[in-house]
Every structure is written in C-alpha cells, then in structure tokens.
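What follows is a group of structures, each given as structure tokens.
Two complexes come next, and they have one chain in common, chain A, joined by chain B in the first and chain C in the second.
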Partner chain A sequence: MVNLDSYLKPGKDHYYALGLEGSANKLGVGIIRHEKGELTPNNKATVLANIRDTYITPPGEGFLPRDTARHHRNWIIRLIKRALIVSKLKGLDLDVICFTQGPGMGAPLQSVVIAARTLSQLWDIPLIGVNHCIGHIEMGREITNSTNPVVLYVSGGNTQIIAYSRQRYRIFGETLDIAIGNCLDRFARTLKISNNPSPGYNIEQLALKGKNFVELPYTVKGMDLSMSGILEYIDNLAYDLFNNKKNKLLTTESGEKITTADLCFSLQECLFAMLVEITERAMAHVNSNQVLIVGGVGCNERLQEMMAIMVKDRNGSIYATDERFCIDNGIMIAHAGLLAYRMGDTTPLNETVCTQKFRTDEVLVKWRDD
Partner chain B sequence: MTFELVPSATYSSPDIPELIIKPDISHGNHTTLGKTTGLSSHLVNVTKDDLNFTDKDIPSPHNKESKLGQLRAVLTTLQDDINTFLTERMNKDSTETTDKDRDLERRILDEGVDEEDKD
Partner chain C sequence: MSFKYSLNLQIPFENSKQSAIAQGSLAPDPILKPNEISVIYSINSKNPNILEVKFSGDSDRVIRVAANNVIENLKTIIECMDEFDGKKNIIFIQE
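Let's turn to the complex of A and B:
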C-alpha cells in the first residue's frame, strides 16, 4: 500500500493545499484539508473553500484568450482572499500551492500561474503543477467514493474515455476533433442564446422543450468520436430554419415544423448516444461496472440519465457530481496537487511553465498502486 | 511620493543590445487601470451598441498605503510602457510584416492556437 505520509511535517497530523484553476473561462480557487493516513470513506478530504468566478461573454460570442486572461488576472487575488477568509486560514498555514499547468488555453493559464508563483515566493511555500484532467478524475473519485471507475471526461475542451491501469489514467477513446462542450457551446452561439450561466446549460433547458428528433450524422470511429461534422450539419439546419429556406429535414413526417428546441434536443440525443456507446465498450474492455462522469458537460442531467440506463443494463453503478465539482473548480486542483505533494512531488519555479497540451496519460499516478 | 518597490523590464533584440524600461516615478499618477490592459478591441466593437453591457472585470483599485499596493499600480504603468514600446516596434516593422505574420499573431492571441502548431 502507498504511504501518503512520508513527507508530513513533524508534529502535524494534516495538510492544507490551495488550488488555482484557470485553464478556460472559469477561475476557481479552492482550499482542501487532508488528514494524515489513507483517504477512505471514513477519512475523507475536507473542502474548506471552493470559490468560482466565470468569465461570461455576450450572446453569440465565445471567450477570447486575451479577455479571459484579463478576467483571471483581475479577479484571482480577490478570490484567493475570499477563499482564505472562508477557510479561516492564513497563507502561511498552507503546505502547498497547486495550479493548473495544462491542458487549456495559454493566456488564461499564464495569468493564474503568475499568481501562484508570486504567492509561493511571498510565503515560501512549494508549488505543484497539476494536470487539469487528473484534477477532475481525483476529485470525482473522492466525492463519489468510486474506487476504480471507467471515467468519462466531458467538458468544453476535452472529451475522453479513461481507465486506470498500472499508475496511469489511460485514454481508451477520445474526440478526434472538437470537444463535446465546444460543439454544444458553438451551437449555442449559432442560436445566439445566452452564455449565462453557461451555453451548455441553456441548450439543455431548450432541449427539454424539444420533442421531434432530427437525424444527425452519427460519427463513432472505433473507440473515438468526431463532432465537428455534426456541428457543421446542424449549423446548416439552423441557418435554413432562421432564413425560412426550404429543407425537408425541417418538417416532420406529420407535417410539424422543426423548432430550435427540437434541434437542441436532437443534438444532445445524438452526441450523448455516441458517448454512451464508447463508454459501454470501455466498460466491457476493462471489465468494470462503475462509470464516473466528470467535466462541465457531466452536469447535464440528460447525459446522466442516458448513461444510467446503459449502466443499469450492465448491473453497474454510475457516479456523477454536482456543478460545484464537475464544472472546472479550484478544489480539484488542490486535491490532486496535494496527493502528488504527499508523495514527495513539488514543481521547481523554473519548471512551472504552463502548457496547452498535457495529456492525461503523461502523469505518473504515484498515489495509487492498485 | 516615494516608492519602496520599483519594477523594471529589460528588452534586447539584434538591433538593441539592452534596453531597460523603467516607469516614471517622479509623479504619483499610477493606478491599476492601464491604458493598454482593457477589453480587447473585438469585445469593444461587439458591445459598443449594447447599453446593458458593463465591464465587470476591471481591476480592483490599489492599496495606496501598502508597498505591494503601490507596486501593483506602478507595475501597470510599466506594463503600459512595455506594450506601447512593443506596439511601436511592431508598427515600425509592419512594412516587413507579411499577412502570414499578422494572421499568426491573431491566431495565437484570439484563437488560442499553440505556437508549435503555427504552420
């Protein structure tokens, strides 16, 4: 069994970590406490603070790196101060400062790491760079008590199906082009619907009103999937719908007109069915009956429902978290960073450069040996 | 007004061996509201007719009583100086700048593509 306490400071029986996340348009600051010893259902991590501020753009607009970076730069210190107040800690109480090192958007990542470096030097506290995807996986496991699940990681920037094997989270399948959240967000932009609280949430609400399914391309490629063609296809349908152009796909067999709600419904059904298919195949491959859904799109209740139907057929269990933990947040970075810190890892200042590309399977998961 | 902490930046290039850029601290007119660190021109354009739009992401004011607060304000001035200097250099070079370079800059800054993927 892995010893997580070889580096515990003398006289202490717990750890505190600050986590800073800013790889996309969410800026998150979290503070976590681990008690000494193995993490178990009876010795769980404690969330002391988990604060998020989202950069929201006007309808029809995506978030540009430079404006997103500006948002993070101008809010990060205010959020850290608030997190310290909520957790009733001082900066010097922290054992480690964890930051998202990648993957993500370059400029926003750079803004946040500068805050991390500055605090590390001011308070003389070590830094640790965290892989964003590992943050999602470890926080999902901690919150749901799922021991060894197949992980479906679905967000605005990532779509991966992951399973653990010999100290790596290995990618069994993934998108070949755009991420599922990106596909949904961009369709929301086409429809010019609000980005508040998030475009995906508003698509989900519109989809609830849809009842006619429009058949879209179904593009599973082995264990991978492709979504850019589906987006192009449905964007064209929306264009025809808005411009009253004749298109037989926009009328049902009974003569009913297809609405934007129907398009949202169809897009979700098609994309989620593809995800369910590759997830089921991954479960069969690794002989697992647990599925953990993480990432912002994991909040979608229709996705959870469709996945639950498949998992129930296999007599398995499905695990998902609520928006506090599945949408990007600082606490997951604190948690995953602290696990690495407890195994003796720290990131020297000159190695804290962020990277837009950082694959999940690059990280050696020292804190597991099963 | 005295400043305990004064930042500076060093620039070098083939035609300028070393240039140290220092903010002018002979006056106290430094704030966190930089001239070059506001909204992108794209966002300014798309929101100019939207009466409901407010920029919620302006920086907090600096603490004039602390040396770190003062550093924040002077650093914003330095950032402005650097941005202005670099923009002037880029404009000077613009006759040599190809459309490809400009497209690359736009793709890195506005689309977030990785520099390694520039081609």
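Let's turn to the complex of A and C:
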C-alpha cells in the first residue's frame, strides 16, 4: 500500500490544494480538500470551489492562442479570489498550489503559471506542475469511484485510450492527426453555429434532429484513429449543401434532402463508433470491464449511450462525469497535484516552465502501486 | 553575441521583496529565439525595489514583441500582489 501521508504537516489531519487550469479556452480555479489516509468511497475528496470562465469566440471563429491568453490574464486573479471567497479559506490553509504544466496551448498556459508563481512566492506555498491528462483521469476516478478503468480521454486537443499499468497511465491508442473535439469544433465553424456554451454541445443538439445517416470515411488504424480526412470530407458535403451544388450524397435513397442536422448526426455516429471500437479492443487487451470517459467530449450523451451499449455486452460498467468535471476545470488540477504533493513532489520555481507537449505516460504515478 | 538594438525597463515596486518575486515569476520562462534576442532580469544595484529588464535584439520588432510580453506578465504579477500580498491570514469576503 502506498502511504499518502508521509508529508502531512504536524498537527493536521487534512490537506487543501488550489488548482489553476488554463491550457485551452477554459480558465478554471478549484480548491480541494483531502482527509488523511487512502482515498476510498468512504474517504472522498471534497470540492470547496470549482470556478470556470470560458473564452467564447463568435460563430465561425476558433480561439487563437494570443486572444485566449489575454482572456486568462484578464480573469485569473479575480477567479482565484472568488475561489478563496467561496471556500472561506485563508492562504495559510493551503498546502500546495497546482497548475497545468501541459499539454496545451503555450501562451494560455504561460499566462496562468505567472499567477501561480507569484502567489506561491507571496504566500510561501510550494508549487506543483500537473499533467492535464492525468488531472482528467484522477478526477474521473475520484468522482465515479472506478478503480482501474480503461480511460477514454476525448477533448478539443486530445483523443487517447489509456490504461494503467505499473505506475504509468499508458496510451494504447490515440489520434494520428486532429483530436475529436477539434474535428467537431471545426465542423461547427464550417456551419457557423454558436460556440456558446461550446461548439460540441450545439452539434450534439443539432444531431438530435438528424435522422438520415450519410456514410463517411471510417478511419480506425489499429488502435489509432485518423479524423482529419473525415473533417475534410464532411466539410465538402456542407459546402455543396450551402451552395446548392449537385451531389448525389446529399439525397437519400427515398429522395429526401440531407440537412445540416443530418450531417451533425452522421459525423457524431461515425466518430463515436470509431471510439467505441478502439475502446472495446483496449478492454480486451487489458482484461478490464470498466470504462471511464473523461474530457470535454465525454459530456456528449450520445457518446455515453453508444459506449454503454458496448460495455453492457461485455458485462462491464461505464463511468462518466458531468460538465463540472468533464470539461476542463481547476479542481482536477488541484486533485492530481495534491496526490503528487502527498507523495513528496513539489516543482521548484525554475522548473515551472510550461510545455505544449507533455505525454500522459511521462508521469510516474507514485500514488498508485497496484 | 552582440545585438544592434537594446531597451532597458526599470519597474519600481513597493519593496525589495516584491521586486524579487516579480523577477522570480518572470525569469523561469526561456526566450523563444535566443539567436535573435536576449532578455536579462536583474535587481537595481542602488535601489533594490527596482526590477530592471534589459532587452537586446537584432531588430526593433523582436524587442517590441518581447517587451510587450513582459509587460503583460507584469500586469498579472502586480494585480496578484495588489490582491494578495500580506493577506495570507485573511478570509476574503464578497465585496
């Protein structure tokens, strides 16, 4: 058994961590509390604050690094203050300040770590850099009580199928080009639909009205996926649809016209079927019957439904969280950072440089030994 | 390497602790193009409340970009100090 309390401050029986997340267009600040001892269903982490502000761009536009960084700079101190207000804690109570060290967009990451470094020095609280993906995985496990699941991590910047083995979260399969959320977001841009609350959510709502399936390329390559070709293909279909160009793919066998809702529906069905396929294969590889879905696309109810059908066939169980924990947030960074802190890790100031590329399997998972 | 252009910024803080913290927050990030520009942070030898930033680069453009970036970061640092310096033992309440 791992001892998580070797570094507990004398006279205390709990820990508090502040988590700062800003690797993409969401800025999140969270405060979490752990009681001493192993985390179990009877000894759960407590969320004291989980505040988020999302940089939302106009329809048809994505978020650019520079503008996103400006948004984060503008809000980060106010969000930290609001999190402290909500939690009713003092700086004195905090054991550690956790920040996202990567992967993500360089400028937004950097704009947040500046605040983390300054607060850490002002209040003399150690820092810890957290891998964003590990944040998602650990928070998902904590919220759902899943012990050793196959993890499907699907978001705007990442698509990975992950399983734990010997103190690493190992990547079994991943996208070879763009992430699934990026594919959905960019199609939303093609359709010029709203980015509020998120482009993926609006595609999901439109897809509910779709009923005709348009066949799209299906590009599973071993345990990996490729999605850029699918995007190109469906973008061309949408272009023909908007410009009333003749395209026999845009009429069903019964003569019905394909709508944008049908395209959203088809895109989701195709992409999610690919995800379900590699997830099922990963489950067979590692002999697991639990699936945990994390990341922003994990909120999608159709994805959860499709995955549930597959998992049911294998007599397994599916674990997913809601938007508070699926979509990027500060609390998951606080949680994963606190786990590392409890194992004695801290990040010295000169090693707090953020990195755009930071693979999930680079992190030694000291807090697990199963 | 010697560069053609240079710019020196002097940023006064309330005390030497703050100027040192600002240096600590800015200094870890590496310069993206070290063959085009260098940025050196130091504390003023006469007045320790002053943080000095020395830019030297091979064009005025790279200096402008780097200086802008440093100033943007300084805004976050100063806002952080305004809100939190000396308030470690305070419970914040909604204003």
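As a working rule, the second predicted complex is superposed on the first by the 370 of 370 C-alpha atoms of A that agree within 3 Å, B and C clash if a C-alpha of one lies under 4 Å from a C-alpha of the other, contacts with A are read in each partner's own complex, and residues count from 1 in each chain.
What we mean here is this: a contact is a pair of C-beta atoms (placed from the backbone, for glycine too) under 8 Å apart; a residue touches a chain by one contact, two chains touch by 3 or more.
Since the model is a prediction, treat every value here as computed from it, not as a measurement.
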item: Combined model on chain A: chain C and chain B, fit or clash; value: clash
item: Touched partner set for A:105, first chain B, second chain C, both or neither; value: first
item: Which superposed partner A:76 touches (first chain B, second chain C, both, neither); value: second
item: Partner chain in contact with A:64 - chain B first, chain C second, else both or neither; value: first
item: Chain B versus chain C as contact partner of A:309, first or second or both or neither; value: neither
item: Which of chain B and chain C A:91 touches, first, second, both or neither; value: second
item: Which superposed partner A:353 touches (first chain B, second chain C, both, neither); value: second
item: Partner chain(s) touched by A:55 [first = chain B, second = chain C, both, neither]; value: first
item: Which of chain B and chain C A:364 touches, first, second, both or neither; value: neither
item: Comparing the two partners chain B and chain C, which touches a greater set of residues in chain A; value: C
item: Set intersection of chain A contacts, chain C complex versus chain B complex; value: 70, 73, 77
item: Chain A - residues contacting chain B, complex; value: 55, 57-58, 60-61, 64-67, 70-71, 73-75, 77-78, 105-107, 356-357
item: Chain A-touching residues of chain C, taken from the complex the two chains share; value: 21-22, 24-30, 72-73, 75-77, 79-81, 83-85, 87-94
item: Touching residues on chain A, where the partner in the complex is chain C; value: 69-70, 73, 76-77, 80-81, 84-85, 88-92, 110-111, 114-115, 117-119, 121-124, 349-353
item: Residues on chain B engaged by chain A in the complex (per definition of touch); value: 37-40, 42-43, 46-47, 50, 53, 57-60, 108-112, 114
